[in-house]
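Please go over the structures that come below.
Presented sequentially are two complexes of subunit A, the first with subunit B as partner and the second with subunit C.
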Partner chain A sequence: MKKFFMATLLSASFLFAAEPNARDIMIKVKNRPDGDTRSSSMEMKLVNKSGGTRVRKITSYAMDVGEDTKTIMFFLYPNDVKGTGFLTVNYDDVNKEDDKWLYLPALKKTRRISGKSSKTDYFMGSDFTYDDIGKRNVDEDTHKFVREESANGFDYYVIESTPKKSGEIFSKKLVWIRKDCDVVEKVEFYDKLGKLHRQMVASDIKKVDGFWTIGKMVMQNVQTGHSTELLFLDPKFNIQLDSKIFSVNKLERGL
Partner chain B sequence: MSRIRINIDKVNEKFENFAKYLISHRLVFLAGLLVLLVLSVIGAKKIYVETSWDSYFVEGDPMLVQTDKFKELFGNDYFVSVLATCDDVYAPENLRLIRKLSEDLRDNLSYSNGTVTSLTNIEYTLGTDEGMEITQIVPEEIPTDEAGIAEIKRRVAAKPEFFKKLVSKDGKSTFILVKLRPFPEDSVWKAEGKISPDMQTGAETYDIINKPEYAPIHPNAGGMPYMSSEKMKFINVEMGRVMMLAMICAVIVMTLVTRSLRGVVSPILSSLSGILMTFGLVGYLGLYMDSTNMMVPPFLAFAVSIAYNIHLYSFFRREMLLHGKRKDAVVHAVRETGWSLLFSGLTTIVALLSFLTVMLRPIRSVGLLSAISVSFVLAVVLVVSPILLSFGKDKQPNPNVLKRGDTRMALTMESIGKFVLTHRGKILVCFTIIAAISAVGMFKMEPSFDVERTMGRKVPYVSKILEMGESPLGSVYSYDIEIEFPNPDDAKKVENLKKFDEYGKYIESFPLSKRLTSILDIVKDLNRTVNENKEEFYRIPDSEEQVAQLLLLYENAGGSESNYWIDYDYRYLRMMVEISTYNSNELDHEIAAITQKGKEIFPNATVSAVGNIPQFTTMQQYLVKGQIRSFGISIIIVAILLMIVFGSLRTGLIGMIPNVAPAIFVGGYLGWMGLPLDMMSATIIPMVIGLAVDDTIHFVNHTNEEYERSKNYSSSILRVYRSTGTALVMTTFIMCATFGGFMTSKCTMLFNFGFVLSIGLGSALLADLLVTPVLVKKFHIFGKETVSGKEK
Partner chain C sequence: MRKMNLSDFVILSGVRSTKSKTTQKASVAKMRGLIFITEPKSWGCEQPHLGLFRKGSVVALLSAALAVSAHAQEDELSLQLNGFVDSYHALQVERPHKIMSSRTRLRLEMRANYGEASLFSSVNLAYNSLIKEQSGAFLREAYFDYAGKYLEVKAGRQIVTWGVADGLRITDLISPMDYTEFMANDYDDIRVPVNAINLKYPGESFSAEVVFVPVPEYFVIPTNDGNPWQMPVPNGVRMDLSGTPEKRIKNSEVGGRLRFFLENLDFSITALRTFNKSPVTVMKLDPETKSALIKGVYKPMNVVGGDVSIPAGELVIRGEAGFYFGEPIALRNACDFRLRKTFNGLVGLDWYAGGNWTFMFQYMHKIVMDYRDELGLEQNTSMLTARISKELLNNTLKLSVYGMFDVDNVGFYVRPAGDYLLNDQITLSLGADILGGRRGTFETYKKNTQIWVKGKFFF
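This part shows the complex of A and B:
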């Protein structure tokens, strides 16, 4: 799961390099190893301007099948959505629509979801867009190497990524990549007026089972004062997973 | 009662010395004025003009606090809406244009939140036998064949509740809605020297919808940012035109009346200086200024500047004609008019400052800025005008004037005075009857803030906006009903949602309610979607868990609208009620009934109405109460000042009669003619008092002086007719000509301002020429006559 989110953020920053090495760096970030299977629990905390919070807890399992990825996730908290599950198959082929199923325990119904929602929509009321956490293609942005930077004992590449298409909610973003582990540690998103709109900071970056992983990500909308905190707990890589758990049957029965 | 009187002679002597000092240091004073003007120009560049209704409320006002809280919960309640109209919105070429326009608005409005709702750009969640499909009504590739278009129509028909908000039944018009992200704090964009976010959004909307390529779908925009920006544009152009015209009228009339270059230049110079200094101060201090009535202080400054200068000039001119010695004439004019000008200026300032008691910022601002302008004008008139008059050569006395004993106009005024003194009874009866009729009319005045009645349909942008509001899809005004439950999660309880649904039906039954939007639209639609699109499931689900899971599904499918209708902690519910037209009385009644019903349905919750319309209602209450208070305060303070200056309670009270009368006449006129009491007309009544009192002060003050010399009322009054009467007629005539420029405006509010103010000034002149002398003589306000008319 964590990898799922990380990959999203990282890939969000890739693309065409205006300077040759910028794109190479982004590709390297995207291809950072994360094992064939993985699991984690995620706690998502939404905090609004006045300090009100909304917490959601999710557990997830993922498995790579060739270039594609299967993911199953269940809501554990709050109680009124407990047991709600999502099963997805993300295809590497951008032209192939993902398969998605949803199980709503209160209605005892599994629904197959076809079509796709806008990538610029915010994910589950959070400050992360589907693009931020999902599959933004590297070549959807133009990348420019800005500078190298050192801080907190680490060296970083700073890359500026500008979307090629209109209709994006950001005009550009600045991405800080840690050189030692190819992990994106900070992203600044600028709005159409060129003002800082959102800022993502990753922390608790460590090696687990030999894979670099992020323990916490915070996205703050500096304009609205709203923020989202994602905590990745108990990440595991290359675990034993039965491919049968990625099924509608399992979705309905729960963990 | 013993009289503590100001020794007018001593005061006049001081003014005489002051005039001599001015003339001997005239170049220093002129240089000082120049420096002040340069500083003012620099300050004036820092001015920011408010245009939004939100800024009307003073900080900490309960209505403002409630609106701010509402915005914090539900985000920016401003939006941009566009109504596109054509023969057939489903025609492929029109669908293409609608999509292009939708995306243009979404991508190019700086404050767009990145999503647009329109027929061509809306996510459509359709329940199928095996699940649900998230798709678009109009495919990426717009179909050109009949089957493709028929499929679009089928999808629209499948969700009638949803699409009645987007497409008209006849398929000729469609609605596009762009939500806006929260605007930054004022301090942020002001620091960057940018225009306000709502103005920017309005201007960008205008540019987009007016691109030639969209002409076939006739886009017409709505929403508060667009309305504010169009209003600002209109006011800027119209004010420039009206002010220029008024200025030309004033100059022509002043030239005819004074027949002197100085007679024209002095008022213009002092008013421009006063206005510029006021604007400079506004810029330096960051004072509030509102687009609706920002022209009032300059105009008032112009009017009082003319009045003060003409008074000074008429005394100067009379002396010049009689003896021709320029500097002596200036000193005499300042000696004779200085105190009257200072005192009348003071009363005008006090009357204007009474606006500060009104809890609306535009009214307060008009009062404060006008008072500052009048202060500056007064200072310039007392200091600079005598200096200007002092330049030039002495002249020979005018033989005709010497032969006649006075100017022709002065002699005409004297004969009017004789007529008045011989018809005192009849004049008082007529005055009483007219005042009584006007007083009745005053109670018929109706406060009103709607754009149609205050601006008028003749104004092009108003006509367009109203047209949109009257169309089947569009709406101009809306209000929100907010329900605050005692505990978090209460808002998603099925029981409460069902009550909310019933409540919506009740609200919808009112004649003005056009369209409701709430979280129920989303919940019901999703419930139907997950139940294979069966129509019977277009209802609130059976359990709270189902509601929670449907909302989660909605969010997970990328839906972000729910945050607009239900708050974070599920404690607040919001229902937006769009209305077809604005009728203040009907709406007041409806909103009162709706909130009352809400309190009955949700006894443990707080039900309140927020948004533009409740803001209007609150403003009306503030305006009516504030106007009465301001009127009362200005009367009391002016009366006290009159009592002090004339040294008598009785004289002060009698002096108030001709001052209050014009205000009653104006109020009566507004009431009988059915003219609305809006921001502009509400400022007129206290202003009329402020200006009318000047005439009374001049008249009574000079009568007092003459009486001290002659001890006979009739002869004193006739002498005052010759000197002051002439000046009063000239000033009123010029001021009416100036304000008359407003009557050329298509905008009702501006027309009424010019017309009603002219009525006020005209009636103030008549009251002072016809009633004041009668009262002075009848009540012997300066004591018993010691010299009879015959002896005199």
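This part shows the complex of A and C:
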């Protein structure tokens, strides 16, 4: 309700603005309703330049707690990482580092890991960083409205986002946002030299249980030729979840 | 391999039996009293042979099976079968370039889930061309698991891991170490499973657990003649490590742990009634043969400790400490031992530097209280470890190096390794174990510096 109210207010403000405020658009994207709880299975297909493929399968659960989000992921495939679990608490406050724990079944140990560390690392060898698949805080970047575009029967905002801190793997990114549903459909990431580095395209955008959902994302590293196809299977929203599943204990027990 | 003199024994607490040619439970584990190091790999593993299942395991499994069958009839039974095949071969670097290890294994892991209850077992079917006793079918873990809302029960043969130290043991004392093959096994093979009952209250940011081990397990050391990692002993000296405590309730092991997971802070508090599972060795005169006898000593001791993890930017600061009350320490003349209170502490720093680089450093320190010069251990001893890893080629290639430095003996162990994921099922690894120094265990095994290859197929 709170999110809906905020989105309505923001939408209303656009009617009177000469040029849309880029940060407001990004806030609206971030606050797009996605339920208080959700679950999904993910299948990642990693394709290298010569066409060789690797597959990763993950099940994840998420719960909003106020403005913060708790997420727990379990790796199901391949079998060498099966049982590995990853628990995060994403804080909405840009000044607070996320809490993260990693469970390694071979060691039978949970490690507290740095909240800052893995954000810029690639997730399980894919072309997505942890930041790409998580919720990057809107205020970690400076946003600039670039233009409006129409293509494939849809209208888009194009926003340029520049990281405020050094140490990011991109110098800027161009983001295409579908106006009708506030879904990011395309992102171009540029490296430190200003060259196109990676390109993400989302597809199979549809409503599930009344919530706009992405069914497929493809991230291509145009410099290496490596790409990753990420399928979101069986997404569910506002499901009954015990808050205890977002715990180290559950991480160690597994699914 | 050079033979050791008596002073080496004092230093190493290393032992070998001339009575039994099979692997013994004992200690090679202390280097001047430091708790031994474990993680990068182990020294092999004494596992219960399938034909020698312990009564405790069988009873636990039968109870578990009954419990599962009685559990929520509306739940569906699901079965999982996973495992891997791995083959490991190592070659001595210096002459005569002998084969240090050659073994192949099939690991089967089976899990049956039924509602909130499950049964798990893992079995190794192994062939070891050097150590015949390591060939065969061996049960590793077998336990019943129930996850209630307020109580979780895990009963049976299981590996218990506590603490936050990386490869060093301070509060992680329940599952002992297996040093059959020095440093040639994967981490999960280093730990010796124990028959235990684990009861846990699972909270969201807090958990409390109690572990009861009716019959504790003890360290396993390499004693087989065909094993290149066999602990050397002086000629004419017999070793007897059979003196592990009687299997009576008063010699059981019990411990508890409280864990807290908070914003920017994890910590736990532990208490454990256990034994020095890595025995202290003392010299005796064998009344039968009138020759020297090395006798293993195991004494009960109480441990109070805890650990902490604090993330700070790209760093995570770890700490672990344990007070051991009544730890036996051999005398300098190796003829007797004394019980002492010792403090064992560790500080670790993990740096997640981005770009798939990870750096982990640790410093561990041991202090013997009420110190006397007669003790065969320095009052202060310390150890440094470092682990650096980098993942490349979309995480298909992992390069790593793990190193330990025994400050007091100026001994070192370095393990560079490369792991390449050929595909989703197959991993190929190449590495080396480099040992050396002035004194201590690492120096003893200097000639065993080796290179190795390993292939692993997951299914």
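Criterion: the second predicted complex is superposed on the first by the 217 of 255 C-alpha atoms of A that agree within 3 Å, B and C clash if a C-alpha of one lies under 4 Å from a C-alpha of the other, contacts with A are read in each partner's own complex, and residues count from 1 in each chain.
By our rule, a contact is a pair of C-beta atoms (placed from the backbone, for glycine too) under 8 Å apart; a residue touches a chain by one contact, two chains touch by 3 or more.
Just so it is clear, the model here is predicted, and its values are computed rather than measured.
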>> Which partner chains sit in contact with A:M124 here, subunit B, subunit C, both or neither? Use first/second/both/neither.
In response: both
>> Quick one: is A:V158 in contact with subunit B, with subunit C, with both, or with neither? Answer first, second, both or neither.
In response: neither
> Which partner does A:Q223 contact after superposing on A: first (subunit B), second (subunit C), both, neither?
Replying inline: first
> Touch check for A:D99: first (subunit B), second (subunit C), both, or neither?
Replying inline: second
>> With both complexes superposed on chain A, which partner does A:D80 reach: first (subunit B), second (subunit C), both or neither?
In response: both
>> By the touch definition at the top of the document, which applies to A:K108: first (subunit B), second (subunit C), both, or neither?
In response: second
> Where does A:L233 make contact in the superposed view: on subunit B (first), on subunit C (second), on both, or on neither?
Replying inline: neither
>> Taking the superposition on A as described, I'd like to know which of subunit B and subunit C A:R253 touches: first, second, both or neither.
In response: second
> So, does A:K192 touch the first partner subunit B, the second partner subunit C, both, or neither?
Replying inline: first
> Considering each complex separately, which residues of subunit A are in contact with subunit B in the first and with subunit C in the second?
Replying inline: 46, 48, 52, 54, 78, 80, 101, 106-107, 109, 111-118, 120-122, 124-125, 167
> In the complex of these two chains, what residues of subunit B are touching subunit A?
Replying inline: 72, 75, 103, 106-107, 110, 112-115, 123, 128, 130-135, 181-182, 184, 530-531, 541, 543-546, 548-550, 552-553, 555-560, 562-563, 568-569
> How about subunit A: which of its residues touch subunit C in the complex?
Replying inline: 46, 48, 52, 54-55, 77-80, 82, 89, 97, 99-101, 106-109, 111-118, 120-122, 124-127, 167, 226, 243-244, 246-250, 253
>> Quick check: in the complex, which residue numbers of subunit A touch subunit B?
In response: 46, 48-50, 52, 54, 75, 78, 80-81, 84, 86, 101-102, 104-107, 109-118, 120-125, 130, 166-169, 192-193, 195, 223-224
> What residues on subunit C touch subunit A, complex-wise?
Replying inline: 39, 82, 84, 147, 149, 152, 159, 161, 164, 186-188, 191, 200, 202-205, 207, 259, 261, 263-264, 266, 309-316, 318, 350-356, 391, 394-396, 421, 423-425, 427, 456, 458-459
